[in-house]
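For clarity, chains are labelled A, B, C, D and E in written order, and residue numbers in each chain start from 1.
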Amino acid sequence: MPPVTAAKRMMLSVNNIEVVYNDVILVLRGLSLEVPEGEIVALLGANGAGKSTTLKAISGLLKTEDGEVTRGDITFNGERINGIDPDKIVRKGIFQVMEGRRIIADMTCLENLRLGAYTRRDNGVKDDLDMVYSYFPRLKERTGLAGYLSGGEQQMLAIGRAMMARPKLILMDEPSMGLSPLMVKEVFSIVQQINRDLGVTILLVEQNARMALQAATRGYIMENGKVVLDGTAEELRNNEDVKEFYLGGGSEERKSFKNLKSFKRRKRWI
Amino acid sequence: MTLLFQLLVNGLIVGALYGVVAMSFVLIYKASRIVNFAQGEFLLIGAWTCWWLLTSWQLPFWIGFPITLVFMLAFGVILQIIVLRPMIGEPIISVIMVTIGLSIVFQAAMKWMFGVFAKPFPQIFASPTTNLFGLEVQTVYVMSLLISILIMAGFGWFFKYSRTGLAMRATAFDQQVAQSLGISVRHMFAMSWAISAMVSAVAGVTVGVVNGVSSALSFFGIKVFPAVILGGLDSIIGAVVGGLIVGVLENMAHYLDSQWLNWGNMYEIAPFYVLIAILMIKPYGLFGTKDIERV
Amino acid sequence: MFEARGVNLRFGGVHALTDVSFGIRKGELFSIIGPNGAGKTSMVNCISGRYRPTDGKVYFKGRDVTGMTPNHRASLGIGRTFQNLALFGHMTVLDNIMVGRHHLLKNNFLTGPLYWLTGARKEELSHRREVEEIIDFLEIQHVRKATAGTLSYGLRKRVELARAIALKPDLILLDEPMAGMNLEEKEDMARYIVDLNEEFGMTVVMIEHDMGVVMDISHRVMVLEFGKKIAEGRPEEVLADPRVRRAYLGEDDDEEAPAAAHQQPPRKEVA
Amino acid sequence: MANVSIIPSGDFKTSYGTDTTIFPTKTSRNFAILGVVLLLACPAFMDRYWLSLLIQIGYLGIAALGLNILVGFTGQISIGHSAFFGFGAFASAWLNNSWGVPVALAIPLAGVITTGVGLLFGMPAARLKGLYLAIATLAAQYILQDFFARADWFTGGTAGTIAEPLTLFGFAFDTDERFFYVVLVAMVVMYILATNLMRTRDGRALVAVRDHYLSAEIMGINLTKYRTMSFGISAFYAGIGGALYAHYLQFVSVEGFTILFSIQFLGMIIIGGLGSIMGTLMGTAFMVFLPELMQALTKMVSGTAIDTALNLKDNIAFLREMSIGLVIILFLVFEPDGLAHRWKQIKAYWKLYPFSH
Amino acid sequence: DIPVGHLADQSGATSDVGVPYAQGVSDALAYINSKGGVGGTKLAVDSVDYGYQAPRAISQYKKWSSGSDKIAALQGWGTADTEALTGFVTKDEIPAYSGSYSGHLTDPTGKGPHGSKPAPYNFFYGPSYSDALRGMLTWAAEDWKKQGGQGKPKYVHMGANHPYPNAPKDAGEQLAKELGFDVLPAVQFALTPGDYTAQCLTLKQSGVNYAYLGNTAGSNISVLKACQTVGAKVQFMGNVWGMDENAAKAAGSAADGVVFPMRTSVTWNAEVPGMALLKEISKISDTSGKAYRPVHYMAGVCTAYYMKEAMDWAAKNGGVTGPNIRKAMYQKKDWVPAGLEGVCVPSTWTDTDHRGMTAVNIYRAKVGGDTGAGVDELVKAGTIKLEKLTTVDVPRKPEWLGW
């Protein structure tokens, strides 16, 4: 693992964890990663690699799905947090934006946003609400139940809800999923803004590797429940395999989706 | 005509009582999607507790009753911690079955502790009956009517505006999401059970004062199902309106029955016919929120 | 093959679709794009029958199907996948796909239980064979017996596609089939879709936000914004439209541009 | 919900046919056959008490299976199952008493008539969902109970009605030893039918409706038809179970078919495991044996030190009731997915032994 | 040993009356054993609480009726279970003594004009629900005259639409018509406590004079209280199980004046020879000897003693078997078990008529003052009094057999 600049304090570190679902299905097999304070770290990987599982292990939500961290530990600001209830973890400052939006369908946008700030006791809620609305004006217009929002609108709401919580660390599970190209750009710029202006550390799971590696400072690549490659965003962007499988293009000119019919190279990380 | 009017008044009064029990149902449902089959036993426990304080300790009603409410609050919390907490995250239907188990346990426990005979409450109000619109009614009904209005207003505000109220609704919608927002599902559940137990105790004491306390009081639990559904499972106002409707319906059905039909038990069955009819028109009751059907 | 005439869809005050008319030719790969909340999914819902237009008519194979129930449309040959996953979570993958064959199977609640006596067994097995072919095609053999609800997101999308294919539809509607996939997986998915279209001869309607894919594989594209159709035509034409660029891609567009410049695949004309 | 179905290695399937059998492996099939053979021998060595419990499990198990098809497989909760059970009981007795239909024919016919009633009361399912539907079935419970008490011509009114024992070719199945076989055959047949149903088109459609009715509809499934049909099937099973009950007890009275009984049915399938066919049988057995077991246990307690310490005496009855409730609660706390689930895990464990985990 | 099965409801829906009745049966049987049992052989009594659930009663019965220690007789309880077991006890020839007094059980041959099924092995001690009601109606007709009532008195049957309250409904209404009552349509109320104000308002409006309460105490109390509140002046006539000391206490002044039939000649505090034995029996479960026993307890003791004496006879005439016990039941006329004189009412069973008792003792509950204290104190203080009004001899009409 390449050394991280010593000056950076590790906000989150995941050490060699193993996760088992339903007492039998082993999903993560010795996964380690670190998130330095104040940075954006991207976590990339194929479908089913265990990215969401990793995030859930950190936020404690694994428990609610019959999953369990059976080995290794997770520390947040030096404190071991595996096994702690998810709501307590939120209070410590880790907030997860779950995959698939998961907004509360039978409440209005406003109520959803207010719930984002559930753990907060300060008076800034009102201002933050305005801030969210200024990022996503559509949310202000939609006064009906959140369940009737379009897919993309729900995604905006989910991100807005995380902003309302003002956490120290946001775990984002595929925030750009289902967003239009315009919105994707917007979301990534918001992610960067949150990081820069509010000083929130972000662990980002993304399929849009190109955008993710642009926004992030560091990245990890997962396969089959393990980290197979990591480095700074720069390093990853220039890695041949990453280029080929995540960014497209690779060494040659970018291929058309139409023409890659039969020819297919399987990836082989070292 | 006066009979009809009197029945109407009586229907409203009894309906308000149904409304109280219905509210305590809805409360648990709103926070956890659990249908509590032990609600009737909550009512019973409340009634016995109050009875015991009033007879064995000779406390005056105005002290014994609040103590009962506090006790029920604690009881709800403890019950949640011991029995229902381990069930968090498990299939709702299993939790519902647990409440059925609870009702069996409490039913037997109450009989064990207080015996199988109906016991009368000591006299509480200087004048046990009050004249309301030309109908003599038990004073305690009037009391529960007032309390229920208060409770209803309180809940209405609570779920619409308070942070905790919102959190409870979120918990009901999706426990996992609620937890991801930092809501302690345990606290929400504990609170809803506690308040629900307390509210049922109001109804329990009322019925107990009127009819004497006996295990059979717990039947009220199932009796209010139509009321809850009529109003809409997740609506506090609906619960009260549903209660009133069922109360009035029973009495009107009885009127029809006694004057013309002579079926005998129309008052028991009619609410169910009306229930089905209303549901066919409004599948989520009068005030219930529709499920969101989107793909 | 399919035609929408003046479709309007309103939910209370929300105008999800306003006067949208378009047609889809047989054998075409037709994409719908547009900003979030533009009404793309709503349009697909109008085709598959989940929503009934407040106004306007939809025709399928020359028939007015506006008032037809979704299940009836399925047997007419319309299949689809969903934006938010909608698998039968507690069934195995195999059973999920078998459900897709519902309208092709004949046995029922009387003949089914008498399995061996009524030919139900034979029928089930012959369909199983065809389902296995779909499974092979989409390369999901390894999860055949897994419970659908526990699969990862990408696999679930694939199972959904398999289920829709199992219907043997003439028109297949795909709502963001590649959301949540990485490049490699998108490539696979694109290949399946092109195969569906070219080899199985299905007409495909696809909603997708990845411009690369849309540009590369679709024959024609329609753009919706705020419920209105703002453009329709060949991908490179549509993409050149300044309104589309502004509303959908963002003005300082440079990433999706190559796709437009990219050499277009030769149009394959289908009768 | 187990993710992967675990099948021991060495059990290769060579055709789709062998992959869709009722029993996933040869051993499991052999065990099932062995079980039935053992049951066949039961009357030879069991006394009437045990037989009567097994008979109860038989007819209740059939009815409970119907409820599981409705609740577990189609996802529609019913709190009125005992009313359908009762209807089947009355219908069979009525067919036999008033129309002279031989009992052997009256039982299936009663099932068919009950199906009709089930379809009628299942009609709200076209529009109602979840608990709203559940309470509509509660209405069915009360309305039918009222009907039983009123319809003298059909049920004998509140006085109840006599049901003749089943006779076939002059042989009367009027003792427990004999009736046991009737119930056993009925049960095996009904369970096989259900298993077949669930692995064919309409059975899958029911589960699809439960899991995701919106996409089920898009897949070409007529929701109204299947939702209502599920009530029909469930009522059919209830009707058969009820009819067997009637001819076993030879007397049917309104009093038996209360909401408490309906709730007991729910208990059976929840404890057994929703959506599990064999689980239904296990759950039924659980609910039948539990009170008997508690009875025996409390009897053992009486007269011991515990008795004197707690001053139980007559209160022992309450102790028993409480322990029944407690066992149900504890069971669900430790096994919220039901017996079938645990059974599966045990099987999975042994199949992978010693490499499980 | 002579195995005897005892089904009781101690935890179920009718436990308010089931507990004292079962206590009476248990104590009596235990006492009999302490005195050497039947003909020197002890009774092996198995008391089981079946929670008023018929299926449980049945499986329990199967246990008792199979194997080598098949019970010689059964002490049972409710209507549903007794009727469900009727066929079985007939086939197994096990005499069943029950707490259900349904008229249907009084017809051993099944030849009664009202088409009940034969119940040759069912016995109960007390007037049938129907005969008790006939007795009260007869009293009511006279009472109406005595009170100087004008015109036809109005009668109404009240209760749930259940086998138990309904058992005497038709019989009562028919006799009421014959006696010159104006019979109004029945009014129903559930077997559970609840608000029955509506029922009372209609009673009041239609000016009912006499009403029969067919339910158990719990729900009757609700009716009594509601009617008191709305001021309906009705003479209520309770069922055997519908009124007792505990119910009077719970209903308080609302129970004042309610009339009901009693199976024994006296209540606990009476001074009759038979009470000596009863007090001895009571000590079995109450060593202090001070407990006040409600009427159901005494009825339970009587029932047990009839069985015991039948067994005595059987022991001397071929052994304690079911058929012999049944035969023994027919041996005596105006039978009072030895030692219980003045308590148990003389009864006669024949092989064609199981109406053991047709003399109906009618009592009236008197409640004066607050009923907060315990039942024994209330009775001692005279706050609660059960006063005997009269005895009506209901004719043993053949057409009333099994009805």
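Simple rule for what comes next: a contact is a pair of C-beta atoms (placed from the backbone, for glycine too) under 8 Å apart; a residue touches a chain by one contact, two chains touch by 3 or more.
Please read all numbers here as calculations on a predicted model, not as lab measurements.
Among the remaining chains, A is positioned farthest from chain D, on the basis of C-alpha centroids. Counting C-beta pairs in contact, the pair that comes out ahead of the other among D-E and A-C is A-C. Distance from the chain A centre to the chain C centre is 28 Å, each centre being the mean of its Cα atoms.
Here the CA centre of chain B is 36 Å from the CA centre of chain E. Chain geometry summary: the mean Cα position of chain A and that of chain E are 75 Å apart. Computed centre separation for the pair chain B/chain D is 31 angstrom, with centres defined by C-alpha atoms. In chain B, the residues touching two or more other chains are 108, 111, 265, 268, 294-295. Multi-chain contact residues, meaning those touching two or more other chains, occur in chain E at positions 10-11, 19, 161.
Of all residues in chain D, those that touch two or more other chains are 1-4, 146, 150, 214-215, 218, 317-318, 320-321.
Those residues of chain D that touch chain C in the complex are listed here as 1-5, 16-17, 20, 192-194, 196-197, 199-205, 207-208, 210-212, 214-223, 229, 233, 275. Of all the residues in chain B, the ones that touch chain D in their complex are 35, 37, 83, 86-87, 90-91, 93-98, 100-109, 111-112, 222, 225-226, 228-229, 233, 263, 265, 268-269, 272-273, 275-276, 279-280, 283-285, 288, 291, 293, 295.
Of all residues in chain B, those touching chain E in their complex are 3, 6-7, 10-11, 14, 17, 55, 108, 111, 116-120, 122-123, 128-129, 135-138, 207, 210-212, 214-217, 219-220, 223, 250-251, 254-255, 258, 262, 264-265, 267-268. Against chain B, the residues of chain D that register as touching in their complex are 71, 77, 124, 127-132, 134-136, 138-139, 142-143, 146, 150, 214-215, 218, 259, 263, 266-267, 270-271, 274, 315, 317-322, 324-326, 328-329, 332-333, 336-338. If you check the complex, the residues on chain C that touch chain A are 11-12, 14, 33-39, 41, 83-85, 150-155, 176, 179-187, 190-191, 194, 209, 211-213, 216-217, 247-250, 255-256, 258, 262-263, 265.
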